[in-house]
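For reference, chains read A, B, C and D in written order, and residue numbers begin at 1 within each chain.
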C-alpha cells in the first residue's frame, strides 16, 4: 500500500476549508500536509484542524518536499500563477474554477501543459462526479433518448450579496452550466445570447437577476439556462435533456415526502437544499477521491474536467458577459486544440 | 332525443344536496323533479335551487308521476324501506351506502331484486368511477403486474366528531375499502381482523383511531387498510396493488409542485385535498352521468356497484365490527348468490 | 328550468365532432340542434349520432329558428365570416382558434363586437378551464409565489404530418402558450424572438422542429417556450411559473406509479397521455358547460377567452412567424382596445 | 495525525469483500491489514486486492499484532465465538447481523460486554447511516409530525434462491425492519404477528412469500411490514411514519425522470435499484467511516447499533419465526438491560 498523497491546499476560505476537511476525514489515501492562505491566522486554524503545517507563501507550498499534489481554492486572480507553478514543478493540481481570469491566460495554461505531454491540471467542476449527472451522461450515451437536441437548465440560489452582479452571475454561476452542456453534449459552444427580463425586487439596481442565457453548440443544439441567484428559496439545480427519442430530467430532489397541515391547507412536501454544499456534498467527496486516486500515480481523473475544459469555460463566459452588454448573439472562437508533445493528435 | 330523466332525490343533507346540484348543472339528460327531506325547510331550499318541487313523504316521491328514477341519500336506517319501495314500483334507484343496516335486510333486498329479473338497484360506491381506480382496474386486468397478491390501502380524514366511533370507522369509512378490494380483486372477502394501536390524542376516550384492518379474500390474498380519521391533515386515499410481476400505487395527488421558503427551510410542496368532495368530485359526476344514461333505459350502470355489492359490503363491515371487539380473525359468510328469475346463472 | 340551449355546430372534423358529442352527452342544459359541415355526408353521420338535423349552408345554420348559439370548429379561413354572421344575428358563439387568419380581420371582429355593447364571442382556449391552470392562476393571484418574473413552457406532441411546418407550429401550437402567458401574467406580449436549433431527424426538410420561442411582456417579463411537435413520445404540456418569492410547476402527469421489470432493469413509471384530447378532456367539458351556462343568458363565460384575447393571439403569432424568418426580436403592436358602445371604459 | 486503523476482515463473501474494498478505497484512516475466510483461496484473492495479508485462523486474526479492530462478515453461526474473542481481547468489532443465532447466546454477548464497562460491539445495521433514515429520525425527533403512531414498511427483493424460506425471510430480511422500527420509534417491540397470504407462483412449495408482519411496541404502536423477496422487479425499501400531526414517507427513489415511448404507450419512468448494495452504498460507506473514526479511539459509533440492539433483533426475529408457525400474536420478552460495570445506570 503506497503512502497517502500529501496535498497542499492553497486558500482556505469556505471552499478550501471544506475540501481540506473532506480530504482529511472522508477520502482514502490522502493527507493534507500544507495549508496556505493569504490570511495566515485562518491558515493556522484550518491547519490545526486537519493536522497540517502552514506555509506563508503559496509557491513555497507548491514546491515543498512534503507536497505531492496541490488543491487551489484561492481567488481566481491568482490561479494563473499558481497553476503555472504546479506545471513548472510537474505535480498534479486540482484548481477550482476559473482556470484563469482571461482567455489568453487560460489558453497559455493549456499550451504550457500540452508541452508537458501529460495532463496534470484538473478543474473543480464537481457536477461531473454527481451521481445524477453521471447517470444522465450514461443515459445519453446509451442512446436511450436518441440524439440530444435541447438542454434546459435551471440554476437558482437562495441569495447573494449586492456585489454579485450580472457579470458574476455568468462567470461564477452559469460557468457550471457551460461545463455541464459541454460534458453532456460532448461538443463546444459556439455562440451565446442573453435575455434580460425585469429584475426581482431583491436585485440591486443595475443587476439583471434573473436572466435567460442561450448557448448554441457547434452542432446547432440549443441550451437554455435560467440563472436566478436571489430567489429567497434554496439551491435548485435542475437539468432536462431533450433528445430525438425521449427526454430526461434530474435534480428534482424528491427524496422523501412529508404530509402536514399548513396555514393554507394540508400539504405534502419535501426539503430543498439550502446551498451547493448540501446538494453536491457527495459529488465533492467523489471528485476528491477520484482525483487523489489519479494523483497518486501523477495524473488527473479521466472523468474530470481538464485544462481545455477550463479554458473553454473561460471563453464562453467571456462571450456571455459581452452578450449581456449587447443583447445579441456573441460568437465564441476557441481556436484549435493544442496537440500534446510526444503524443499524436487525440 | 328522449326527454330528461326525472329524478326524486330523497335526503338533501350534504351528500344529497351535492348530488341534486350535480344532476341539475353538470349531468346531461337529467332533471331533479322532486325533493324529499325529513327537514321540510331544507327540502324547500334545495328544491328552489334546482327547480324541483317538494314532496312531504318519501313514498309519495318514489311513486310520483313525474319521477322516473330515485336517488337515496337519506340516513341508512331508512334505506331498506325506500329501496324496497323503488323495487316495488320497478324504477331505477341509486342508493348511497349502506344498502341497509343489517345483513338480513340487505340480503332481502338482493333477493327481492333477483325476483324482478333485472338489476335496478345501484350502490353509491363512487370510487368505481374514479379515473385512477378505473385505470388501476384496467392495469390489473391487462396482466401487466401479474396476479395481485396484496392490496395496501390508506384512508385518512382530517377530522371527525366525537360521535364517530370505532364501529363507524368500519361502517362509514372502511366500507369503501371493502368495495375497492372486491372491485379490484374481483372476489369476495372471507375474513377480517382488526389491529388496534395506541390511539391518537385527538381520539375521544374508547375510540381506536387509527386502526389496521386486514381482509383475507377467498383466494387467500391479503388487504391491509390503515383507517385514521383524525389526522388533522386532509383527505388521503391511497391504494397500492402488489402483483406477482409488479405493483402500482395511486392516490398520490402530485398534480403540481410549488417551491417556496418555509420557516424550517425551503420546501417543494403540493396540496392535499380537504375532503372527499374535492378528491372525488369527478368520480361523483361520472357516476351520476353513467347512472342517468343507464336509468333512461330502465337499468343500472354496468360498471357500478349492484345490490349484491351492497349486501357484501354490509356483511364484511358487520364482521369488521365484531373483529374490533374480539381482536381475532372473524369469518364472513355471504351464502350463495340468488339467481335472477328468468335468467340463467350468471 | 329553461329549455336546453339549442346549438349549431359548424364543422365536425375531429374537434367539432368531439364537441358535438360532449354537448350531447356530458353537458347539462345543451342540445345540438343543427350540424353543418362542408362534407355533407360527415355532417349527416354526426347529426344522426347526436340527434340533430343537418343544414347544407353555414349561414342558414347560424340564422335558423332552432339555433340559440353557435360553436365554430370549421377551418380557420372561414372563421371571420362565420363569427361576423353570429355577431350580425347577435347570438353567442364559441369559436375555436384562430379568431381569424389575419390581424386586420381579427381586429375588425373585436370592433364589430364592441359596437354591440356586450360580449358574445368566446375563443376556444380550453386551458383556461383546465383545473391545473386554474389552480396556478389562483396561486399566482394569491401572492404565494410573489410577482411572476419568468414562465417556462414545454409543449410537445408525439407526431404531426409533414405539412405541419414551422409557421404552423407557431399558429396552431404555440398559440396556446400565447394565451396561457397572457392568462397567467395578465398582460400583453410586446415582442417575440425565435431560436432554431438543429432539427430532429423526424422533421421534414426545412422545418425547424423543435424551436425555442421567447416572449417579452409589456412589464418586461420573459416567457420561454419549447415547441417540439415530433417527439415520438406523447403529449406533454408543462408550465413553470417563477416568481419573486417562489415557483410552481404543473403538467407533471404523475397520477400513479407502476413498478415493473424492464429490459434494461426495473423501473417505476407512469403514463404520458397520447394527445390533447386525453390531457384536456376535462377542460373541454368544463369549457363547454361554462359556455352553455353563460350562453343560456345570452353572453360568454367570464372566465373564458374573449374576442380581444383571440385578436391578441393572432397578432402575437403573426410576429412569431416573422421572428422565425428574421431570427431577431419582432415587436407586437396591438393598438388600443376598443371601448364597448354604451359602456364606460373597463 | 494518527496512523490508519488496521482492520481484520473475517469472511470475504459478497458482503465482506465489499466492506474490505470500501475500507481500502473510500474510507479515511483505515487499512485492511488481515483477511480471513474459510475459503483460503478467496481470502488470498481479496487480500491481494486490498494489500492485506492472509490469516488461516480467525482467532489468530483477531489477536494479531497488526490488528486494531475487527469486521465480522462470516456466517452467522460463528458470530458468537468471533465476537466473544474480540471482547476477550477488548478491541472494537463491527459485526454483521445477526449478533448470534440464538436469544441466550446473544444475551450472553450483551452481558459479557457490560462487564467490560464500555461498548466495543457494533452491529451492521447500515440503515441507521442512510441519509433518508437519518432525516426521518430527525424529522420525528423534531416533533414536526407529532408522536408516531404507525410505521408502514415495504421490503422487496428481486429474487432469492429456493433455500430462502419463510424463516429466513424473518431472520435475514425483516430483521432490518426490526432495527428500523426500534431506531425510529425509540422503544422495544413487545409482540409479533404474521399474516400469510397466498404465495407468489415464484415461491417454492411451502414458502410464504409475501408475508405481512405486524409488530406491536411497548407503547402500543403498530408496525406493518410487507416482506416479499421474489418480486422479479428490484430492491424496494420504503418506510412511512404516521404521526399524530403528520406523516412522512421515504425510499421513493425518484432521483430523475425519463420520458420515452414504450410498447404500451409513452411513459415517464425512473430506475429501481437492483439490490441493496446499489440502494445502500452510501450508507455502508458512512457506516464504515463512522465506525473507523470511533474505533480509532477504541469505541463504537454513537449513532450505530450496539450489542443490545443486536440482541433485541435476535429476540424479535425468534418471536417472528414462532408467529409464522402459529398465526397468532407472539410476545417478546427481553428481560432487563444489563448495567455496564463501573458505570451508573444509563
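We take it that contacts are C-beta pairs under 8 Å (C-beta built on N, C-alpha and C of every residue); 3 or more make two chains touch, one makes a residue touch a chain.
What you are looking at is a predicted structure, and each value in this text was computed from that prediction instead of being measured.
For the pair chain C and chain D, chains touching both partners: A, B. Of all chains, the one whose Cα centroid sits at the greatest distance from that of chain B is A. Measuring from the averaged C-alpha position of chain A to that of chain B gives a distance of 57 Å.
Annotation: 43 Å between the Cα-based centres of chain B and chain D.
Chain centres here are Cα averages; for chain A and chain D they lie 37 Å apart. For chain B, the set of residues touching two or more other chains reads 144, 232-233, 245-247, 254, 259-261, 271.
Of all residues in chain D, only 144, 147, 149-150, 152, 193, 195, 197-202, 210, 212, 214, 216, 219-222, 224, 226, 228, 231-233, 242, 244-247, 264 touch chain B in the complex they form. Residues 158, 232-234, 236, 253-254, 259-262, 265-272, 274 of chain D touch chain C in their complex.
If you check the complex, the residues on chain A that touch chain D are 1, 24-31, 51, 131-132, 135-136, 139, 144-145, 245-252, 254-261, 271, 282, 289, 293.
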